[in-house]
Amino acid sequence: MPSEYCTQRQIEFSDTDMAGIAHFSRFFVFMETAEHEFLRSLGTSVATKWQGNKIGWPRLSASCEYLNPVKYEDVLDIHLAILRKGRTSMTYQFLFTKDGVEIARGQMKTACCICNAGEELRAIPIPDFVANQINELPPASPTT
Amino acid sequence: MPSEYCTQRQIEFSDTDMAGIAHFSRFFVFMETAEHEFLRSLGTSVATKWQGNKIGWPRLSASCEYLNPVKYEDVLDIHLAILRKGRTSMTYQFLFTKDGVEIARGQMKTACCICNAGEELRAIPIPDFVANQINELPPASPTT
Amino acid sequence: MPSEYCTQRQIEFSDTDMAGIAHFSRFFVFMETAEHEFLRSLGTSVATKWQGNKIGWPRLSASCEYLNPVKYEDVLDIHLAILRKGRTSMTYQFLFTKDGVEIARGQMKTACCICNAGEELRAIPIPDFVANQINELPPASPTT
Amino acid sequence: MPSEYCTQRQIEFSDTDMAGIAHFSRFFVFMETAEHEFLRSLGTSVATKWQGNKIGWPRLSASCEYLNPVKYEDVLDIHLAILRKGRTSMTYQFLFTKDGVEIARGQMKTACCICNAGEELRAIPIPDFVANQINELPPASPTT
């Protein structure tokens, strides 16, 4: 069962700002898109239906440390790992590198929720069709 | 009855790109936000309810000519005018200036639609509570 | 010599708005990214150096017609064509389709400029290393 | 000397996503814009010149906790406080509320740098014209 996922992303012109580098807020979009690719790789989606309800994953928190800037056309290697698989939430860790050099380290904690239109969000235990497919990163992992 | 509306917007850091100027795609957000302020000035909203239906204004087309670049912290004067008030659609014209210098000229055509969740979008005649409050710009207007 | 280029793009969560569809301003980013991929396919870039100068392609105008909405995870087929290769400018046409259904049609006119830091933008004839690699779309083309 | 700054921001349509709420990545733009307003309130800017050098404030880290969602047209009260004024860096704390209800809590750590074009970023002690105008939030402050 996977606890990691790797993808890539090339910096677009509209990701950059007047400092000539990718704007710091874009890394949160990069994390989200990697998370969504990961969910698709499991055969599910961040926006899916289950037992007649809409299931979504609203964010509880997100953070990022910026170690080195990246520029237009740079290609980021993005390494996602499941830092913690809770009962109703998931904590992802993201490592961004370029040619092996660390660019940024992020985390994102999401809650599994019923997101039906017109109802309040309601946290639920992660359904088995997701929970049974994934594992937390083992504690001794060198990428932690 | 108004056919024009004026507002301002200061260029934010995240509006800029590596060329050091506001990214061209941002002008479409600036147009939209000016349109929404205009609708609020009429006592309505781009997302409202009417006779039990959700009313929205999806875009049919949008365009912009770029005459001069703007930079971080520049303040844009935005002049909106109703170029055409159709039966089911509205065409706005936008003039962006900075200290009297023309920066950009845009247009946006929107359709008045019922946008109920789970239904197809359906164009409807512009409801009287909007239509009766606004006029097309007279044809001889010097800003046309 | 190519006058067309095709690419794809999947709608991301952050491309969507509260109407549940890709926000209209995002199509201008999609056009730009397709343009940049096209330039890379020619061995150049939207931000390159030539004879000691920085060459860029600021936008003169951009427009888009919206025919059908697209949703999260939809995959757009993007077809770029060179509508006009001028002396100092280029006009691109973009056709967005999903499973063969037309989604949007756009145009973007760009000027070839010297963009040195601290200097005014200055339009120049398109350098041969780009101009000699591309052709206008023939007038009778069915995609015009 | 101020250690706090308050501003407001209304959620725009383009801030929202298909979940009908402001996208989590937008809060980082809201933090940045509040920081920049704060710097302007001190008579300086995030992009300024000093002793012939360009001074900028690249981000070292940023984080946000999301407590309650906000929707289109909601008005956020944004409360910025200087959590720590270091020798070369500044740590801001942001509290987002709506009608007194907590929406989000963020932090952003920035480094004061010389950002001359064509040179590597170089951290420097915060110049006096900024440092002498601001104070850390006192440790016992109830908003910490």
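Observations on the model:
Here the chain labels run A, B, C and D in written order, and each chain numbers its own residues starting at 1.
FYI, contacts are C-beta pairs under 8 Å (C-beta built on N, C-alpha and C of every residue); 3 or more make two chains touch, one makes a residue touch a chain.
Here the structure is a predicted model, which is why all the values come from computation and not from measurement.
Taking the mean Cα position of each chain as its centre, A sits at the greatest distance from chain B.
Chain pair A-C has a twin interface among A-D, B-C or B-D; that twin, with over half of the contact pairs alike by residue number, is B-D.
Note on chain placement: the centre of chain B and the centre of chain C lie 24 Å apart, centres being C-alpha means. Spacing of chain B relative to chain D, judged by their CA centroids, is 29 angstrom. Once the centre of each chain is set as its mean CA position, chain C and chain D turn out to be 34 Å apart.
Along chain A, residues 13-14, 18, 20-21, 25, 29, 32, 47, 72, 117 each make contact with two or more other chains.
Touching chain C in their complex are the following residues of chain A: 12-14, 29, 32-33, 36, 40, 45-47, 72-73. Those residues of chain C lying in contact with chain D across their complex are 13-14, 16-18, 20-21, 23, 25, 71-72, 117-118. By the touch criterion given at the top, residues 18-21, 24-26, 28-29, 32, 47, 56, 58-66, 69, 115, 117, 121 of chain C touch chain B in their complex.
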